[in-house]
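Structures for review follow.
The same chain A turns up in both complexes below, where it pairs with chain B and then with chain C.
Let's look at the complex of A and B:
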């Protein structure tokens, strides 16, 4: 198992900055979800972690040691898009992995492929997008690696196989493997991940344990008698991450001490003040959405 | 680590074997079709034998050779045929020297050797069938196939960059080692394809005569050149495409026409090279052309008439060294670029 430390990672392509000063620590044995909108820099981060892209600045270390060829014995990677060789059969891919990695478990690979109903005699070009993803996941899991880096491991899969992949991730975690994965299916991340990081436009915007983030982040919602209410002393509180006004309704996104703000808002004359729990999707959207788009999010929360 | 490359090589060798198999089948068809002609003596000998007054004597020599002696007193022509069975025939024709335009000489084509010499008023023509074949003849065929296979296998790094780097570069081996091993696998593929070709040529030959090889003279050099030149050609294309993710097919496809055009333009020093610009272009092309391994390939050999040995040109060693150097340089360039590739 490895603790992965990313420090001040920066990756630029010409004038475009894909990852900007990203610092993260992925603890040993942790299931870590990396979230972000399209183009946020998740895949580039993974590539930098694996030496597939050379960082413009910053470092990535595994247990304090920079990535070296032997590290790949301990890391299995599933990229976002299929990298299977179209002209090779699935069985040949299995053989390829067996020859490359000492710990590759052929029986396990075949078992997983059977679970996904993948015919190993088929050439990769004959597989659907979801089957290709499933094949890559099976090949990665069969590596019995210490660290799994999975970029959209459920992409293209049907709900049954999505659930299956999620269970595999959880099982691998139970085995003690460190897992870093990204997904646009935030519900899946919420179910599997212990910690998450949200990146947006290459920058880290949120990071923490899922339970802590959910425990700390609450919406305090209240209804004022009219629209001319003031929030003096509250809006500037460092524990208030965001204030949304929608007519007579105010919603405060708190990062701590939600109960305190209930009393404060009530004292200002609001009625029906309540605390609304956030799920991970809400937290994610709050983290990456521009301020003017949050009203919709809050509507969703309160509905 | 290089299993994928082995599979590529295997697939190409499979196709090569099929094509060579077709050639063998064609040779077999020809052998059956021309069975009568192949087993008969030459028409000339038949003609002599049929002349009125001709005598034919048969004898078996101590080594098992069957000797047939035909004498035609009318034309004062004697034909001695020593039949060595599977090891061919030695035919000696002695006839009056009567054609002023006939010169002494030696002609060799594959396993057939014809020698003409004047002895007083007589001309002696010696024909050896199934004689030892200089290996260079096999290597010429092997080289053609080797160059084609080298072209097909070239661009191994670009093929990986085209959507497979996430597998190719996450193996527990350095990029340098992976690159070198990949080149090694492809070189093995080229050599195997050439070996298959030589085997196919020998099989085809064996349908008509017992193959006997002559490794003297240029043959060993030809084997070395036959391996070095396709490998250098492969390395050139590998280096040209190593940093490409797409479009490498165009490089591979145009490599031959460009190399041949360059060679042609370099040789062509007509009126256009008379001007300053023309000369500058010609010189530039000359320099570029000398970066191509095809420039140094040559089977332009001479023959030692006394021994029948084929002799390499004086600069053959230099050419071979350049081919090997180009292979090393281009391979190093390819691996260097491969090291810098990003997914």
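Let's look at the complex of A and C:
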């Protein structure tokens, strides 16, 4: 089992910077969700973690050791796009994995494929997008690896199989494996992940335990008698991540001590002051939208 | 043992707090009896499709609060010593959270402390009428 340490990772393609000074630690045995808008750098980060892309700068280490050939035996990967060979059957893919990896568990692979109702006699080209995803997930889990890196492991799957994949992730985690996964379906990350990181345009914008983020990040909302209210001493408080003003209504995104700010805003003359809980989707959207510019969009989500 | 717990992962309330609240409520209601075994961390994580470390954190806090006890290798059990106390404590915790939220809401829409006290007395009178 391993702790994954990413330090000052940078990856550029010509003039384009895909990952920009990313530093992250993924603790041993943790399910870690990587979130970000399309093109944020998630897949590039995964490729650098796997040695499939060479970092422009920075390092990725497993238990303090840089990637080396023996590390690959310990890491299983499900890429975002299918890497199955169209002309090969599922059973042939199982055989190929068995030859490639010493620890590959054929019985487990067949058991998982059966759970997904995949006919192993079918050629990959005959599988739907979701069934290709399920096949790759089954092959990865059967590796019995220390570390699983799963790029969109539920894409194309129906809700039942999505839930099944989440439970496989939970089961692997209970076994002690470290798991890093990405999904655009934030509700899945919210269930399975203990910690998350949000990256946007290659940079880390938020990281923490899901439950801690929910406990700490709240909206404090209040209504002032008129629109000409000042927020002296509050707007600059380091615990206030953003201020959205909309007419007489103010919404403060607090990163700590929401109850404190309820009293402060009331003392400034606001009424109807309340604390609004944020789910992971709200927290994500606030993290990736700049202050003010997209305030209306975000308001629509949290309203 | 049937799972009596439900959580809403999409809510803004941390999942481990939801698990704690649900176990305390079940103990207070007697749905979980003294000495009864709780699902293992892994089993509850799979039943609810939530992270195992999140379940483990909830169990640790429940143990610290004296609601459950865990013996290595055997599992977690509803505490049997002084179960009346832990039942009362669990019920008090659940009720305190509900009252806190109601008072906060009443205050935020402009009611005074006396207004809220009057409402609380009226509610108590109404719900304990038969007992008088």
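In this section, the second predicted complex is superposed on the first by the 291 of 303 C-alpha atoms of A that agree within 3 Å, B and C clash if a C-alpha of one lies under 4 Å from a C-alpha of the other, contacts with A are read in each partner's own complex, and residues count from 1 in each chain.
As a working rule, a residue touches a chain if its C-beta (ideal position, glycine included) is under 8 Å from a C-beta of that chain, and two chains touch if they have at least 3 such contacts.
Please read these numbers as outputs of a predicted model, since none were measured by experiment.
Engineer: Go through the superposed model and pick first if A:28 touches only chain B, second if only chain C, both, or neither.
Structural biologist: In the superposition, A:28 touches no partner, neither chain B nor chain C.
Engineer: Give the label of whichever partner, chain B or chain C, reaches more residues of chain A.
Structural biologist: C
Engineer: When the two structures are overlaid on chain A, which partner does A:256 contact: first (chain B), second (chain C), both, or neither?
Structural biologist: A:256: touches no partner chain.
Engineer: For A:282, is the partner it touches chain B (first), chain C (second), both, or none of the two (neither)?
Structural biologist: Only chain C; A:282 stays clear of chain B.
Engineer: So, A:100: does it touch chain B (first), chain C (second), both, or neither?
Structural biologist: So A:100 only meets chain B here.
Engineer: Between chain B (first) and chain C (second), which, if any, makes contact with A:47: first, second, both or neither?
Structural biologist: first
Engineer: Going by the contact rule at the top, pick out the chain A residues touching chain B in the complex.
Structural biologist: My answer: residues 47, 50-54, 69-73, 75, 77, 79, 81-83, 85, 87-88, 92, 95-96, 99-101.
Engineer: Contact residues on chain C for chain A in the complex?
Structural biologist: The contact residues of chain C facing chain A are 9-17, 41-42, 45-46, 49-54, 57, 104-105, 108-110.
Engineer: Would you pull the chain B residues touching chain A in the complex into a rising list?
Structural biologist: 1, 3-4, 7, 11, 163-167, 169-174, 177, 340, 342-343
Engineer: Hey, which residues of chain A end up touching chain C in the complex?
Structural biologist: Spelled out, the residues of chain A in touch with chain C are 29-31, 163, 166-167, 170-171, 173-174, 187, 190-194, 210-212, 214-215, 218, 271-282.
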